[in-house]
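By written order: A, B and C. Residues from 1 in each chain.
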Amino acid sequence: MEVNKEKSGIETVTNEIWAPEYFGTNPDYHNMYPVKRVISAGPLEKILNLARAHSIWPLGFGLACCAIEALMGANGPRYDLSRFGYEVMRGTVRQADVMVVAGTITKKSAPFVLRLWEQMAEPKWCIAVGSCAISGGPFVDSYYVIPGANKVVPVDVYVPGCPPRPDAVLEGFLMLKDKILQKRKVVTG
Amino acid sequence: MLKTQEYCLNFGPQHPATHGVFQVILTLDGEKIVKAEPVCGYLHRGIEKLAEARTYTQVIPYTDRMDYLAAMLQNLGYVQAVEKLMGIEVPERAEYLRIISGELSRLTSHVLGTGVYALDIGGFTGFLLCFREREKMMDLLEELTGSRMTLSYARIGGVADDAPEGWLEKVDRLMDEMPGYIEEYNGLITGNEIFQARTKFVGELTPETAVNYSLSGPVLRASGVNYDLRKNMPYGIYDRFDFEVPLGTNGDCFDRFYCRVREMEQSVRIIKQAIEQIKEVDGPVMGKVPKVLKPPKGEVYHEIESSKGIIGYYVASDGSNKPYRVHVRRPSFVNLGYLDEMVRGVLIADLVAILGSIDIVLGEVDC
Amino acid sequence: MKERVKAPVEEIRQKFPYVEVDEQQTVIVPADKLLELMQGLKNEFALDFLTNETAVDYPEESKFELIYNLNSICHGYTMMVKTSVDRDNPEIPSVFPIWGGANWQEREIYDLMGIVFTGHPNLKRILLDDKFDGHPLRKDFQWESVRE
């Protein structure tokens, strides 16, 4: 296959959303997220983090096959998300805390995934479930697939699998809980 | 002064009732829909182009990921199309195993369709109840194939592995309990007054329109047209089993839903007969297939009855070990073609009921 | 497996003398006589269900081939009809007035292959976005791989 540099669609997605007349041409805009979190951590935040970690509200946003296992299977009667307090799946973006990207992101859907992320209120986190959301998965050679959710939104936890079992997704949620409580190290199983 | 005006609303890609990433741009007059324009393609991954760069066996995992709820039926269609092109015989025991796992996949798909439709109309309990059975069926499929949802169990010439010890008895026991569970669904969902008030006489479809617009599956049979490929154009060994084809009368949302519930009972009948007949059949599960598959130059079109409708595979080969062109006729894609005319003049709440009763899967619509 | 009902290919060849039939019982028709043949097949031979419509690209012979698969619900047989168009200027009349099921299938072929269907009510891109350049399923479509 010939390589044609102008035809890659990833740069055009990111340039259109961050309109320069609104944000200025500030190249650090993308890096401001971790900086803001370090500054705002203090003794009051420790108490608030206890509340945030034990009651995370996911956004009901499933793209492809992983959504059946991660969102609907994990909410189901056998692997129960509500024993941790995470079963309140909100339909609207303004009330949600974590965005679970489950499935393949394509070039047509990347602008609206980014817009949903921008509309979520701080503090917010993101879990990438499945190999399509981590790196493009089995469709990485395609002309229309974006190789990974971390090209579009900043991701906190990665859950591998194709599709991962619902218990793996539960472990992903528990790792996110440890990250919110800002423990010294986050231990994987 | 007072006047009314038409209003444009986005029934957007992120919505709890659209079964995935699917958008309908509505023009409303009050709460009635004047014009609806469906927009799909948010999950287009280019599977038909990717299949031209892989060998024939490597295309099988891609076919699972299109309709991920009934994965075995997608595999079956592709594998039977290539076997027709190459003229390969499949051994008896492999045919029976394909039928048992295919009908189990159809059961999981219909059970999920029932539960999610109850969730769309508004009842969360129906969803949890149906998922309880789905977990049991997925346990059985995991014992047989190794994976819960994206099975990739069929191979060109047979199936991947034989059934483990004691598996057939477990399937038999679950099929004995299934009629009791279907009674529970009927009592909770089908007989519910609010459910019937929201779905009866909504979205009616005449048989002539359904045939003209190439609708298939339970959507077609609910309007009264008796067309099921397992009976009209049988493939595999479906002519050895005795089952009925449920038909509807009105063609509204309730009939489409109830046809699926009755199809579940017929699938249970087929599995029980297959388990009886497989006990006398012993032998290999894989036919005589060369190591490197190179079909002769030619083309073939083969279609089977999947849980959402008719799925067809068109495979053209040019003599090498990679296919020249693979095209998939997806039932959800063709069934959605009539949506914009069916929802003219209804309320928004009826749009949710109609979309749920067509039972689409977005991985299949966008290929 | 019991025998399937065969389509009445011989009668079709007698009724429409400009078609050819190859050894797999596929009917091949030139592009300008397409609508006439399709209308006759629907009215007289009861082929009222258009199952599948697709296109294949043959760049060496410089043509696109269009495939139509038709079923008959009452009689129970199936038939494949093929036609070809020129690769540099691909235009062909749409069968939407005869079978409504061709609506979205022809939009998909226009989107991915670039064949223009004259007489279609709403020929726009359906799966790719409107700013996409090119037609992906053609054999000479190039794109940059993003595999790392």
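By our rule, a residue touches a chain if its C-beta (ideal position, glycine included) is under 8 Å from a C-beta of that chain, and two chains touch if they have at least 3 such contacts.
Every value quoted in this text rests on a predicted model; they were computed, and no experiment measured them.
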With centres defined as the mean of Cα atoms, the chain at greatest distance from chain A is chain C
Taking contacts as defined above, which has more of them, A-C or A-B?
A-B
Could you please state the distance in Å, as a whole number, between where the Cα atoms of chain B are centred and where those of chain C are centred?
25
Rounded Å distance, chain A centre to chain C centre (Cα mean)
42
Averaging C-alpha coordinates per chain, one finds the centres of chain A and chain B separated by a number of Å equal to 30
If a residue has to touch 2 or more other chains to count, which residues of chain C qualify?
128-129, 136
Got the chain B residues that touch at least 2 other chains?
41, 44, 46, 49
Among chain A residues, those touching two or more other chains are 108, 141, 143-145
Quick one: which bits of chain A touch chain C in the complex? Just the residue numbers, please.
1-5, 7-8, 10, 107-108, 135-136, 140-141, 143-147
In their shared complex, chain A is touched by residues of chain C numbered 128-129, 133, 136, 141-148
Contact footprint of chain B on chain A as seen in their complex:
60-65, 67-69, 72-73, 76-78, 89, 91, 93, 103-104, 106, 108-109, 112, 116, 138-139, 141-145, 162-163, 165
Interface residues, chain B side, partner chain C - complex:
40-41, 44, 46, 48-49, 209, 211-215, 225, 227, 232-237, 239, 298-299, 301, 303, 310, 312, 314, 316, 324-325, 327, 329, 333-334, 336-338, 366-367
Per the touch rule above, chain C residues touching chain B in the complex are 1-2, 4, 24, 48-52, 54, 56-57, 67, 69, 73, 76, 78, 80, 99-105, 108, 112, 126-129, 136-137
